[in-house]
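A, B, C, D, E and F label the chains in the order they appear, each numbered from 1.
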Amino acid sequence: MRENGVKKIWARGGAVLNGWLSVPSAFSAEVMAHVGWDSLTVDLQHGVQDYLSLVPTLQAISTTAVTPLVRVPANEPGIIMKCLDAGVYGVICPMVNTRQDAEQLVQWCRYPPAGTRSFGPIRAALYGGSDYAQAANDTIAVMPMIETEEAVKNVDAILSVPGIDGLYVGPVDLALSMGLRGALDPTEPAVWSAIERVLQAARTHHVYAGVHCATPENAVKMIQRGFQFVSVMNDTYFMTTGASACVRAMRQGLGTA
Amino acid sequence: MRENGVKKIWARGGAVLNGWLSVPSAFSAEVMAHVGWDSLTVDLQHGVQDYLSLVPTLQAISTTAVTPLVRVPANEPGIIMKCLDAGVYGVICPMVNTRQDAEQLVQWCRYPPAGTRSFGPIRAALYGGSDYAQAANDTIAVMPMIETEEAVKNVDAILSVPGIDGLYVGPVDLALSMGLRGALDPTEPAVWSAIERVLQAARTHHVYAGVHCATPENAVKMIQRGFQFVSVMNDTYFMTTGASACVRAMRQGLGTA
Amino acid sequence: MRENGVKKIWARGGAVLNGWLSVPSAFSAEVMAHVGWDSLTVDLQHGVQDYLSLVPTLQAISTTAVTPLVRVPANEPGIIMKCLDAGVYGVICPMVNTRQDAEQLVQWCRYPPAGTRSFGPIRAALYGGSDYAQAANDTIAVMPMIETEEAVKNVDAILSVPGIDGLYVGPVDLALSMGLRGALDPTEPAVWSAIERVLQAARTHHVYAGVHCATPENAVKMIQRGFQFVSVMNDTYFMTTGASACVRAMRQGLGTA
Amino acid sequence: MRENGVKKIWARGGAVLNGWLSVPSAFSAEVMAHVGWDSLTVDLQHGVQDYLSLVPTLQAISTTAVTPLVRVPANEPGIIMKCLDAGVYGVICPMVNTRQDAEQLVQWCRYPPAGTRSFGPIRAALYGGSDYAQAANDTIAVMPMIETEEAVKNVDAILSVPGIDGLYVGPVDLALSMGLRGALDPTEPAVWSAIERVLQAARTHHVYAGVHCATPENAVKMIQRGFQFVSVMNDTYFMTTGASACVRAMRQGLGTA
Amino acid sequence: MRENGVKKIWARGGAVLNGWLSVPSAFSAEVMAHVGWDSLTVDLQHGVQDYLSLVPTLQAISTTAVTPLVRVPANEPGIIMKCLDAGVYGVICPMVNTRQDAEQLVQWCRYPPAGTRSFGPIRAALYGGSDYAQAANDTIAVMPMIETEEAVKNVDAILSVPGIDGLYVGPVDLALSMGLRGALDPTEPAVWSAIERVLQAARTHHVYAGVHCATPENAVKMIQRGFQFVSVMNDTYFMTTGASACVRAMRQGLGTA
Amino acid sequence: MRENGVKKIWARGGAVLNGWLSVPSAFSAEVMAHVGWDSLTVDLQHGVQDYLSLVPTLQAISTTAVTPLVRVPANEPGIIMKCLDAGVYGVICPMVNTRQDAEQLVQWCRYPPAGTRSFGPIRAALYGGSDYAQAANDTIAVMPMIETEEAVKNVDAILSVPGIDGLYVGPVDLALSMGLRGALDPTEPAVWSAIERVLQAARTHHVYAGVHCATPENAVKMIQRGFQFVSVMNDTYFMTTGASACVRAMRQGLGTA
């Protein structure tokens, strides 16, 4: 089976630089697959994406060596198994708040006896290879999101579920759940303290920690604190900021800003 | 009929800052419609666009006050009239090299007696208003591209065709047609000289001049030379450069660049 | 944040005239957005719609001042939160039969501390404005459907859940659940009695009542009884009845009916 | 080969009641295919349609016995042959103004030796049957549009081209080309006179005449004058008028009109 | 209401030959609808399909007399009811392991009083007929999948739920759940023994048994054992094996294999 | 620039085994890209394909090393240049009957000074590499179809146009144009004689000859005669024949054929 680039980087102690795809276009995905990311996550939760845009997007990513991941919209079996059959190499799942949530997530991501995933890797075997059935359980990364106060409280119970490879912190939802102002680059001490708690649990349970970041500087800082998987904003953010800066520069150059 | 924002800016002597849409996604178009452009051109020639992506893209643009334009793939009647019926307020047409080319373009863009455009503004009247039939000929901007040595030679014959509002210079194709290296921000004196020739003809024939640019600085310079319509690169360019810079900044911050 | 037109009409004591979109086409949606409705509901339950047709449909609606709403397919978190992120200003949710159903619905529609909605209003902030995070909980309308005998029995428990703005009666399902013949314009006394019970509860709990209607006359009657949100049939109904009448008129005119 | 319902009605001296599809949705097409039309024309010229919406639309029509037709965007070989391969049973072609235009149209619609249509009826043979190659030339209807003053002048030359089965009058374009106000239900004597001229030529050349109409009454009148193929407005017209009337009725009923 | 071809074959004691659609293309579905299958199942679980590809696929099938079925992605109400409204005549549901699972499935597939399906057969009534509401409960086939060791253990409890017409065995998932190697054409005695157990229960509860097969020979054998509904592989399997054999034959013919 | 696999095989004297894509689905294209073809041609002429299905199909092919080609619908500049910008590595163009046809085709496929192709390789440069502008003229294969009696008569004039790399024989259209029965595996001596004439001209002008074939045996025979590029039927043919054979085998096994 084709190797999982994310796990390979983790195995050598490195940090994965992950891009984030919100635009439901395989063409913009192919563009993003050529700029140097290690992996790309198709966001079916907050992105303008669904299963029928996921498949061509995965094909676009598969024209390169970038590793394809998904964030599913919710911890629901139908869509999770469909994404896996489409060939994602990792599942980031929002709002995993309890051990039971984590156990269900693993059930749906792993073939028996590790789980109850149903067999039918229609595109996954094209992408992964003919030994997909045998190797998938060891290859696919399962990454619950730790993004609520409740999840932080239960983090040890969650991360000790067998079959979990990583976790993903959503700093905005985490802060909001604590009654604080949401920010991708957290400033609140209580949020930092929760993040430290999560990082500590990740180390204890030998699970890789990921986090969504606001800037490359923020991402580097997070890696230095122990995260080994960072995403910075998303595809439209880069388009927006670049285009805005261009328009502003022209208006300033013309004295019409 | 809803006013043409491009013509309004021209009328007051201003320069139109035009964005360029290559991604066949109404969502990314809506994003681009919120960053400050005066107009947006859906590129059916070199963009990953066709009529069926044009329509939702125009709808996305129409959620804002930005003026919708199109670059058609070729000087062919079927697609030109379809774009107009879909509600574009301006047509940029590639490779208009002769007076006959220009006359045909105008024929297809204007209702009788100014042309032979067929009547059926299915979405255009929704967007433009119920008096579209009466006002369209005066509202829609027709902009042939002057982008070959032959077109420069024929520029007076082209621009003197009644019904032409503007022109659009494609610096890369122009340089290539002259046997020179193509560059959006031209450096070859012969290209500059051709551009000056085109600008002069525009002034003579009271036609507004537009040009595709490489950077906001380049665009400002072009406006200062007399252009009143500038585009800078396209949507994917901003995504690519922003994302590349982000990845590079992270690798440098981590010492793994 | 852009105001919610539906709530504005409610606030001044008026009734919302709501159109219903079943055709998965942004073009027919744009057509419907120009005929005078106050709001349009994209029907993901019984319409031929899904998330990927919702987004361009919302963009089409957003070319006008009509307020965009959705009926979700079921009381499930993934799709509800995706619709909200896409920019709907109200959620009509089928088959809310118990207080627990209503509490879950509110959870998924409201940011903390009122609920557990995850943050990421990708198109909603484009449409609503940059203060979406702060204002969304007060702006978005949540409307459970009261459409079973069980729901009528539990209507006080349902409507007293904090965060519910309105209710929506489905007369056909309501009648069927009572073992009666389904009809949009109810004739059965038992159905009328249930509807009166629901209207009474709406008044008690300061919740706005909506209902699906068969004809404009039926809708006016419902408004006179106290409903402040009415829908009449759907987009295809108008197409079908108009086209059928046209064909019939021609066959009669020709004596071939 | 499956019979052409349009030709069958013509053969028995009847008039074809034709519906018009502008919405790029196979679902709304299926709805229109159930209301009683004899044939449905997918409008690739002024409708919001293109080849990739034509194919599912034809499939939707093919769930019924309604005969599928197309109006192509222009007299261009690529798209005409693609529509035929997709299974249309008739081609309405705009702006056929000269005998040469008509000869080209026939060339592209007929297999050798009657024309130069290329062989590959990929969906047409599924729909038409395995003897499509042998029977297509006799089955498919070719209908040039007579919609300019020039076409009326050349109408005998156009209709005498072998292989033309019908003609289609576009009253609005015809009036505009004559410098008159465009109207689907013509009122100008000069337009009526031109239409009579066309009808006379149709009789002379044994060609069936069709026309686009504003109302069923107008259509009946046209049939009584000699037309054997009438279309009334289009799909969105019925949706718009029905929905508008509904909204108006409610506002009047409420006294808020 | 249009008859259910599957139930008709069952009623006369025959076996249904069912094709399997994984390609999200209405055109390839139409092709498959012309090769002789009794029914076609659109696979929303392991196929590259979702609701928005289901609808045009059903339209393509409906151009023929082939009976349209669906395999839903999971036992979830939203998608099951959407598929029914789109006009499927049978629902194959994966992973029905307990009596409660079966009861829920029936609830969502049947109108009151047999279940709680919500009313709104938007395309189903076009396809099925105007008496759909009255006849649907008796016409639509409900077929839970028996594909785990747990389901086999509970098979009597599952099949005795009123409203279940058939069952469908997934041999691969069944074997995997038993800790054995998965194979469509089972070889393990324990799997055979489980299948016999299921067949016996089907007879006891007067339920029709279906199974997924690897080859036509395997399917015939299964029918001879008592199955009355067989599928062989899927659409892409036939494409792949045919194309592979063709390439191989050429390379061998050229001596370059 | 990424090498052209077709030209590489030609350069070493081999024959290209080319698959043919008619289904507008990137998924079925990806399936076809895994069975061993050297190249795949997306058929925009007789396939159910258009530009907007071409792009994702090319992405699907680009997940493998298979070389992507297109057959354009007609010898028209707009669509030819759009296909090239999308990243095809070869253009098969129907109905090239004269030297002028061939010259136009080359004009549109080559950058100056060899032609007048406009610059903007939006996806082609992603796929081909950053030196696309410099290397494209030497890399892209241009292959006119010789498929009429007229083209055979003009074959030397056509093939001597600079910039033509190959030719492609359409045996069915060729036979039809000669007034003979069309057959992919020709049997008429006159057709064979025309094909020999074409092959001879190909040798004279150092142009590679391709042909569409009915079976692998037919293809091998054609290669042995001198063709170096063969296609066998198309994707749906393999699906149809495989599925038909399966159904037939079951009916025979059951004695119900």
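We adopt the following convention: a contact is a pair of C-beta atoms (placed from the backbone, for glycine too) under 8 Å apart; a residue touches a chain by one contact, two chains touch by 3 or more.
Since we're looking at a predicted model, the values are computed, not measured.
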Common touching chains of chain E and chain B: A, C, D, F
Chain E and chain A - chains in contact with each: C, F
Same-site or different-site touching of chain A by its copy chain F, using the half cut: same
Superposition of chain C upon chain E: rotation angle, C-alpha, nearest 5 degrees: 120
Repeat of interface A-E, chosen from A-F, C-E or A-B - more than half of residue-number contact pairs shared: C-E
Distance between the centres, which are taken as Cα means, of chain D and chain C, whole angstrom: 38
Residues of chain D touching at least two other chains: 22, 24, 27, 31, 34, 48, 50, 52, 55, 76, 79, 123, 236
Chains that touch, pairwise: A-B, A-C, A-E, A-F, B-C, B-D, B-F, C-D, C-E, D-E, D-F, E-F
Chain F-facing residues of chain D, complex: 50-52, 55, 76-79, 81-82, 85-86, 111-113, 116, 118-123, 133
Touching residues (chain side chain C, partner chain D) in the complex: 14-15, 17, 19, 22-25, 27-28, 31-32, 34-37, 48, 215-217, 219-220, 223, 230, 232-233, 235-251, 253-254, 256
Sites on chain F touched by chain D in the complex: 22, 24, 45-48, 50, 52-53, 72-74, 76, 79, 94-95, 147-148, 170, 172-173, 176-177, 179, 182, 236
Touching residues on chain C, where the partner in the complex is chain B: 26-27, 30-31, 34, 55-56, 59-60, 62-63, 123, 126-127
